Amino acid sequence: DFERAQKDVLPAFGASTEDMEMCARGGIVEYGEKLKQLQQSAASLISQLQQSERTPLLSILLEGPVGSGKTALAATLALRSGFPFVKLLAPTSLVGMGETQKAAVIARVFDDAYKSPLSLIVLDEVERLLEYVRIGPRFSNVVLQTLITCIKKVPKKSKLIVLATTSSLATLESLELLDAFNVTLHVPSLGTIEAIKVLKELGIGNISDIEPVLRTVTKGIPIKKLMLVIEMSLEKGAVLDPERFEKTLQETGLLD
Amino acid sequence: DFERAQKDVLPAFGASTEDMEMCARGGIVEYGEKLKQLQQSAASLISQLQQSERTPLLSILLEGPVGSGKTALAATLALRSGFPFVKLLAPTSLVGMGETQKAAVIARVFDDAYKSPLSLIVLDEVERLLEYVRIGPRFSNVVLQTLITCIKKVPKKSKLIVLATTSSLATLESLELLDAFNVTLHVPSLGTIEAIKVLKELGIGNISDIEPVLRTVTKGIPIKKLMLVIEMSLEKGAVLDPERFEKTLQETGLLD
Amino acid sequence: DFERAQKDVLPAFGASTEDMEMCARGGIVEYGEKLKQLQQSAASLISQLQQSERTPLLSILLEGPVGSGKTALAATLALRSGFPFVKLLAPTSLVGMGETQKAAVIARVFDDAYKSPLSLIVLDEVERLLEYVRIGPRFSNVVLQTLITCIKKVPKKSKLIVLATTSSLATLESLELLDAFNVTLHVPSLGTIEAIKVLKELGIGNISDIEPVLRTVTKGIPIKKLMLVIEMSLEKGAVLDPERFEKTLQETGLLD
Amino acid sequence: DFERAQKDVLPAFGASTEDMEMCARGGIVEYGEKLKQLQQSAASLISQLQQSERTPLLSILLEGPVGSGKTALAATLALRSGFPFVKLLAPTSLVGMGETQKAAVIARVFDDAYKSPLSLIVLDEVERLLEYVRIGPRFSNVVLQTLITCIKKVPKKSKLIVLATTSSLATLESLELLDAFNVTLHVPSLGTIEAIKVLKELGIGNISDIEPVLRTVTKGIPIKKLMLVIEMSLEKGAVLDPERFEKTLQETGLLD
Amino acid sequence: DFERAQKDVLPAFGASTEDMEMCARGGIVEYGEKLKQLQQSAASLISQLQQSERTPLLSILLEGPVGSGKTALAATLALRSGFPFVKLLAPTSLVGMGETQKAAVIARVFDDAYKSPLSLIVLDEVERLLEYVRIGPRFSNVVLQTLITCIKKVPKKSKLIVLATTSSLATLESLELLDAFNVTLHVPSLGTIEAIKVLKELGIGNISDIEPVLRTVTKGIPIKKLMLVIEMSLEKGAVLDPERFEKTLQETGLLD
Amino acid sequence: DFERAQKDVLPAFGASTEDMEMCARGGIVEYGEKLKQLQQSAASLISQLQQSERTPLLSILLEGPVGSGKTALAATLALRSGFPFVKLLAPTSLVGMGETQKAAVIARVFDDAYKSPLSLIVLDEVERLLEYVRIGPRFSNVVLQTLITCIKKVPKKSKLIVLATTSSLATLESLELLDAFNVTLHVPSLGTIEAIKVLKELGIGNISDIEPVLRTVTKGIPIKKLMLVIEMSLEKGAVLDPERFEKTLQETGLLD
């Protein structure tokens, strides 16, 4: 009956949005054109699925280097979608479970989703959901098979968006999990100019003191590391200590 | 007794045809000669078995790239066969089961089939039925041994067609599962001309806007991806947004 | 006491001969000298053991390509031996059992055999009895060890012939199971001339229509595939449809 | 309620500080500039986190050769931090537990930490917490997944510092555990001059007798081995027996 | 008490000698100098141990190609030793047991042996006692560790000879089991001249008919295969059918 | 209380010394300078630890070829130490236990040791305590982790010497177990001159008869093998049979 069905769906709401808000709470700082394009692609796919008459399922993979902001972006997209059912499945939510239990929880979340006319499931750090380790390699085949099956399973009477994140596209490919996704969007790390843009957006007072060091960074700068380096050299009045900024860049591995 | 035997057979009917109809519901769009040949080969084999006096078993493997339409074709062939017993065994039907249980279900379905004079079993995504993963490689040997044995086992008093699909012929060969099949039929992805044929069949209004982009695709186009790209760029009046068409081609990996 | 001993032996009879008759029911079509030699060698070994005063055990391995007729030959030899105890152990008889249970059943069959003065055990598809898969490789060491021990174990008061089949001599060698057999006999696939001999034996009406295609086959033709290709192109009046014959040759992998 | 919460936190205190004091009891002998820099970096990061408004989590990895003093340094930093919650997780604390139990204890310690506004957890010999062995390689994936998840999990209402030690950076990288740490600090072994500095600091009476041998050492000298070699050649009056000093240098593998 | 101790020892007697007699019942045909040397070496070692005052343990490994007569020799030596405790441990005696149970039985037999002042244990086909298979490779480490420990364990108050056989010295070396044996004796296969000597010893009537074929054999001839080939071509009056002799040489793999 | 503590310690005494005396009962024959140096090094380390105020733990590894006398030396050192707690942990003491049980026993012995002010634990054949086999390689990681942790764990209120033996330094290194030891001492096999010294020490009457053969040995001679070869060729009146001496040298693998 309708009332029991409602209850089946409800408990999922609370938990998921609270965790998603944690993931999104750092905010999305605008750093340039690439970010805009990415946000627009995702938004267009989501709205197109909503309007489609024939396609009930869309699976999107956000892939990019460690710390490039995938989780924050996925959480923000989910929260802004306005879908009646949104749910986050992250390694943290499954900590301490055996592989069979993890697989069961995942299958359960998808079953819950099918009960809502419009659902969005975030699968955060897919490779870690299945306990993948490069050496071996090792992973939970039970979770992997469940994920492939759930991501490909066409809902009978409802619409579903799967929004997954990974920092290892190669792993997903070798696991033949990549084939299960309809589309793949790249989340990049930042160049020097984009990093300076971030400093401006954050209202840092002495950007000119920092710029010379930043210019010596030759690798891509993940937004998450950038935020930490800023924090670790922040002084009163939104000013950064240039020496500590440089040192932390080294300690985080961005400068050799 | 007869009545109990009937009951043993009956429950299988309902479930299987409902799932098969889900697999076949997208329809088979005609895209050219290759498709016709394929359909004809399958039909001829099925009817020849029906008439044979000496051969009670035929196992057919449909193999082709991811998304080339194997599942839809197998489901359609099964539904059109008019056999009194048709049954779909797909990864989705076995989700959440351990390998021993999966093997038992498979063996059970074959046992049910032997009770009907004329049966057709679809084994969808064979490599995933046995939880195969390239890295390792890993798979369920219990399920594999059960599949080989069931596919090769000659029914004593009835006739049986096994119709399996795979997107990895090499895997089945390395598992020595390929030897268990009597015949193998290839399901191709589409060339540009066939893709345009599909747009025509679907009544797309502005094919000439889309053609130039389609011509830049150098890979084979799986029908399943083509249908999604169309959906994701579809606008009112069966017109496609060329820009979004191109972008989704990229996001689905068909354009670099 | 004698009566219980009788019962222990009896149940094995029924089952085994029924299954063996299934394996042999397709018949042995005479195709030439090689087949005759093979049959004669086997018969001579069997009769020599029967007469020997000092040798109570003989283990014969029939090896040859997939579909070359090993199972049919072994079953026929067993049925013709006239031994009071004949028994077939095939993958089908063990389906659904765990490896320990399989090992137990095998050991049990040998124990039963020792109770009869003259016994013949057929071990069909030895590599699959032990669940061998090339990739890994994987196999049941429990079953393997049981097989080696049983095949080498000299009966104390009775005589025993073990007749095994395999389509992978290399596998048995790498498993050091080959050493357990006293003699090895090769079961070949057919050349074109032998294939035509088969068509004649079967009374096919239009052999001359088929001959040109058969001559283009460069691989060895397993008798089992040949029988299927014939069945799939058979028309009323023992005539073959040449076009369908060619096509099925392709679909079975005999023609490229 | 508050009282129960207090009790949940309290038992952890006692145990942890006692063990930490064991690890730190040998003291930190000053041997030069590198050590000072290292101590300063760690202190700066700890105090910056304490003051930060936006960053609630910081994970620091101390890596360096076997015996270079990592554990003593981590324990000293923890004890000096003055944080209300400090806790040591070392292989010794987990001896005799199965991998699931180890993972549970680790998760539990982190949960305890979240209850205190300011916490510091020392993870000593990370590669051994997860039972890593180079050959195989083998390790507990359950513990590994728990560690990655716990080290990356952002506390909701509190601040946490994770201070880990390892003597195999390469292992942590291959396990993709390195990515989980925000910053990495190197703990070096000593050169000859630094080793002599240590002898001075310890008030050894006959340094000039020892110096010639020490100068023949070409490898880096881990402080832990140096302390042992001194102990094993120590005579009354803080004098070292040069012959025994040289011999023990050989027996510890520092001299060839 | 003495009576219970007696019982503990007794049951082992019966079983072991009956099985040993089965192994030795084919007899030892004299084929030349090599065999004599071998028998003499073994006898000398056994008697030396009996007389020694300081050495309570001696472990002898008989190694040689498949079928070279190792088991028959070991059984004969054991039966002739006249030791109050002799016991055979062969794969057949352990069939159907799990690896832990096998290890327990082995340890038990050694414990029984320590209760007798003078014991001899035959370990037949050592590599198969531990379920060794070359591919993998696989083996039971539980059994292996038990074997190494038992073979090296010095009895406190009694004397013990361990007489083991293997057809794969390389395997025992790679398992570091070879180091556990004090001495190793080689059991060879036969050359043509030795084979003819065997025919003479057996009183074959038409040796001159057989000689030409025997001379074409270039491999070493294991005595066990030779005995079978003779049996399979034996006719009334101790005469061999030369044609069948040659054919069986081929079927047993001695002639190509 | 004191009495219970006493009991906890006591039972360990009996067992351990009895087993140690078995290991040492063959005696230590003086064969030259190398042996003296080795004994002196070990004695010096043991006495230095006894006197040290700051170092409560010392772990010594005796490594050398198979049969070089490691166990006898370790047992002798332990018995001569006069420590109130001495204990032998050897593969024989752990036979028949599962790996978890072995780990528990080891941990227990160390816990017992901490209760005595001065303890010495012999870990005999370390690689076999952890069931190491080169092929695979296989070993018990549970035992390995327990060993590393126990060997490195600093006692809180007592002093402990760990004296381990191994015949495979490379294995311990690859298991990263070598790092857990503070010092490593080499136990050599003998050269010809040292072997003759042994014959003299044992009062062999006809050394000149034996010398020529001994001089042809080019490998190092492990004392354990030398003792056996002597025993196997010993005749009344402490005279050796030169022929049998040579033969046994071959059969033990010392002469090719």
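Letters A, B, C, D, E and F mark the chains as written, and numbering starts fresh at 1 in each.
The criterion applied here is as follows: a contact is a pair of C-beta atoms (placed from the backbone, for glycine too) under 8 Å apart; a residue touches a chain by one contact, two chains touch by 3 or more.
Everything quoted here is computed from the prediction, not taken from an experiment.
S.K.: At the interface of subunit E with subunit F, does the proportion of residue numbers present on both copies reach over half, so same, or stay under half, so different?
M.R.: different
S.K.: If subunit B and subunit C share one sequence, what is the angle of the rotation that overlays their CA atoms, in steps of 5 degrees?
M.R.: When the C-alpha atoms are superposed, subunit B turns by 60 degrees onto subunit C.
S.K.: Determine the centre-to-centre distance between subunit C and subunit F, using the mean Cα coordinates as centres, and give it in whole Å.
M.R.: Inter-chain centre distance comes to 57 Å.
S.K.: Suppose each chain is reduced to the average of its Cα coordinates; what separation in Å results between subunit A and subunit B?
M.R.: Measuring from centre to centre gives 33 Å for this pair.
S.K.: If a residue has to touch 2 or more other chains to count, which residues of subunit F qualify?
M.R.: None at all.
S.K.: Follow the ring of contacts from subunit B in the direction of subunit C and write out the chains one by one.
M.R.: Counting round from subunit B, the next being subunit C, yields B, C, E, F, D, A.
S.K.: Applying the document's contact rule, which stretches of subunit E touch subunit C when the two form their complex?
M.R.: 22, 26, 66, 91-92, 95-96, 128, 131, 133-136, 138, 167, 225, 227-228, 231-234, 244, 247-248, 251-253
S.K.: Write out the stretch or stretches of subunit F touching subunit D in their complex.
M.R.: 41, 44-45, 48-49, 52, 54-55, 58, 103-104, 107, 137, 139, 141, 144-146, 148-150, 152-154, 156, 174-176, 179, 182-185
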